[in-house]
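Residue numbering begins at 1 within each chain, and the chains themselves are lettered A, B and C in the order written.
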Amino acid sequence: MKRIEQVVLAADLAGTAVFAIEGANAAIGAGLDLFGVMVLSLVVALGGGVIRDLLIGARPPSAVSDWRYPALAFAAGLFAFVFHARVASFSPSLLTMLDAAGLALFAVAGAVKALEFRVPPFIATLMGAVTGCGGGVVRDLLLARIPVVLVTDIYASAALLGAVVVVLCRRLGCPPVVAALLGGLACFALRMAAVRFGWQLPKIAAGA
Amino acid sequence: MKRIEQVVLAADLAGTAVFAIEGANAAIGAGLDLFGVMVLSLVVALGGGVIRDLLIGARPPSAVSDWRYPALAFAAGLFAFVFHARVASFSPSLLTMLDAAGLALFAVAGAVKALEFRVPPFIATLMGAVTGCGGGVVRDLLLARIPVVLVTDIYASAALLGAVVVVLCRRLGCPPVVAALLGGLACFALRMAAVRFGWQLPKIAAGA
Amino acid sequence: MKRIEQVVLAADLAGTAVFAIEGANAAIGAGLDLFGVMVLSLVVALGGGVIRDLLIGARPPSAVSDWRYPALAFAAGLFAFVFHARVASFSPSLLTMLDAAGLALFAVAGAVKALEFRVPPFIATLMGAVTGCGGGVVRDLLLARIPVVLVTDIYASAALLGAVVVVLCRRLGCPPVVAALLGGLACFALRMAAVRFGWQLPKIAAGA
């Protein structure tokens, strides 16, 4: 296995576990039953990667051809269901940090994999954002609410920044691991700073 | 045509007709117009199979390459629109039984087709559930409500059981038709028993 | 590049710009932030074509392999965000006409591309409607409301008519450009007439 594939795999698996637990929490909060909890775990953990793979033509998506992805998401979701009291007692700032880490991992993995499939650089950055935010968007669709990522907060923008950094670094000839590290750090730092300082994107006031 | 392909085809077509009528009923109940009724018929009848085919890499999905699928769904939906008064007078227990039969047919067809495409067994069982429940999930998304399958009832679990039985039987060397029959019966029996006895999956109480 | 590919490309790009602006307007009206506005622009402009390409097996979708599509949608969405006051002052009848033109362009491009991929004629007409209406349906899903196209109005029916005309003309041996023009005109005319005269599809009254 090439170095770059190992980077994608490790980032993908770590992000998968974090996002599966978040999906399970959202499902428990919305009153879903055990099956609904498992579905939300799988969807939040794998949705972004599946959408990316369908779009860049990676057939079948790695979440389908590689049993480790769904098995890990399944196990993490079950863990969150069984130990929900313990998971619910995590401090919000720890959860925010884990989520930002998952976002950074997915944004980097998404952009790198898209570049491997030789899509144009502009689209590879979009694929980083799709990988990072896609699972959360499908989660909100299933819970019949407007995806939070569309309404508020610097979240997808952090994923875009991370993907832009990865793509630029690769263009400039950085080694894959360095590009991935820089991109992940940029995404993580922007996301944490946005939460810390309450940064928001501009919006057009109603009636303007 | 090989024996196993005939099994998939027959189960798929029978499930398609049942689910198209259910989709039309849901659309009429939600006040959609004739076009909305036809879309819901197609979506409920074909949605699960299309999602499965996209995920396992069956390109293009059989609902697109084989005109019999959309034509049958179209005809069944039109039938339900024109004879809606008669369809609405079916007894609820008959509708439940037809729906359980459609679920069993799709779960079996989905798992068998996934195995044909050589995805791992664990994922083939998930594909059985996706085929059985996917159409209903898309229906609920289009009607802007949380998919019922996520919230309540032993429904997707029945599809999962049927798919597990099919996959296990094939692994143990059963002939395809026997595996499909056993899987379909398991799914149908669990679904009917769950309705009859009011079985539910565990849920975490709000505030727990 | 063959003549027919130029027709698809030109129709696709013109429709993309119109639909991106409409997506941005819908996002601004729903109170989304800048990122949400850009996402809705991309989704409304590219969603129908991406769904079509996934279904007919055009891999990867042209919106991913060809950077002109997302770049044009991006630019049009940004334009609508920055100059929202000016866009909001467009007369409703101008917007209706632009939308009908975009619908006609997409319905034609969708049917023609599906025929190129040798799907059955019946399904090629469905693909025309999917291309024309898919972006709007995804927009409404993201805004957590029932897709308007399912509930009311002769809209998708116009796309279907345009696609039927294209497919029939090609079957009868018309040159590609003539078939595309006739189909586009049919779609545009039916849509404008439906708005002008308030035509609606039949619906089954609640309680019927």
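Note that a residue touches a chain if its C-beta (ideal position, glycine included) is under 8 Å from a C-beta of that chain, and two chains touch if they have at least 3 such contacts.
Because the structure is a prediction, the values reported are computed rather than measured.
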Any chain in contact with chain B as well as chain C: A
Copy pair chain A, chain B: interface residue numbering same or different (half cut): different
Distance between chain centroids, defined by C-alpha means - chain A, chain B (Å): 30
Multi-partner residues of chain B (at least 2 other chains): 54, 59, 141, 144
Footprint of chain A on chain C - complex, ascending: 27-28, 30-36, 39-40, 42, 50, 54, 59-61, 64-65, 67, 70-71, 81, 84-85, 141-144
Chain B-touching residues of chain C, taken from the complex the two chains share: 54-57, 59, 117, 119-120, 122-123, 126-127, 137, 141, 144-147, 149-153, 156-157, 200-204, 206, 208
